[in-house]
């Protein structure tokens, strides 16, 4: 017997994967990128970070969850130097989502590319819900 | 006291890591690559995707699990453009494993290299079992 | 209501993220890199691997956990060829941490860069505790 899963699907690839899958109290959120609701990428990593968290927020809401439920995140960026050069603004966008001193483990690596050439950041999160 | 773990080991690196580790109802599957049972890589990303899922299937079976138990997967590909150019065939191979509209969260990034130069895709999965 | 989390914070970025977050019996450890307690990177991937596990060990201890509690790890290296060329020594450092035949699933990929240019390896772990 398969375990019960709750899922949320949206976007152009909704037949391929779910944006969020909850099993037990664990919510796995698909890697979210910095596009607006129409699919247009933000102009720089700062704006893309804001949009990625906006998209994470949208998924969380489908499960009645919030930023404080996130326990772990992995950042995949395409230009680490640019990310670090703009780190105050980039992490400022993150602080607008999480607040100060979030109880979240983080991993940050540079990758060669994301699913669209204009994308500069993808954020993968795990949340634990009640 | 350490938590009880069930593991499955196989292949040339079985002294180094387990192909699957189950703790509680969570099964962590080591990143699976597109090699056949003799260790030979598939000729392109389409065939390697088929083989990677075949290898995931093999690990799942050791835990009496199946594709529908997978909740989250991360794809590491070495050539995103090639992956996207062949996306119908690549995701077709995935659909043969998961079926249509799988309840799985996905993250897809391009990395610089995998453990062998010929490899083009590695898939990391987490499953929740009963 | 948000689930209860235990966290451990340290280092120069402790306002940004936690080195470890425990929720239920799952401990998510932030990606650990090969720096010594003063923040100085090790000279090669062998030494950096030793230091990364030393840093993982330090986080585990804050949760009264140990190497045998780890169930899954992902290695992000910046030079796969160099990692493989030195694999005996690199995995020897890992064996000093885990012992022989660890019950751990592993994924190993090459990334473009880590948070500092000198870094050659980052290790992300998940542990399950009692």
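Residue numbering begins at 1 within each chain, and the chains themselves are lettered A, B and C in the order written.
Here is the rule we use: a contact is a pair of C-beta atoms (placed from the backbone, for glycine too) under 8 Å apart; a residue touches a chain by one contact, two chains touch by 3 or more.
Keep in mind it's a predicted model, so treat the numbers as computed, not measured.
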Topology of the chain contact graph, where touching chains are joined (line, ring, star, complete, other): complete
Copy-to-copy rotation for chain A and chain C - C-alpha atoms, rounded to a multiple of 5°: 120
Same or different residue numbers at the chain B/chain C copy interface, by half rule: different
Between chain C and chain B, distance of the C-alpha-averaged centres to the nearest whole Å: 22
Contacts with 2+ other chains: residues of chain B: 26, 74, 111-112
Residue ranges of chain B in contact with chain A within the complex: 25-26, 66, 68-69, 71-72, 74, 78, 80-81, 84, 91, 94, 100-112, 126, 128-130
Chain C contact footprint on chain B (complex, rising order): 1-3, 5, 7, 9, 14-21, 23-24, 26, 28-31, 74, 76, 111-115, 122, 124
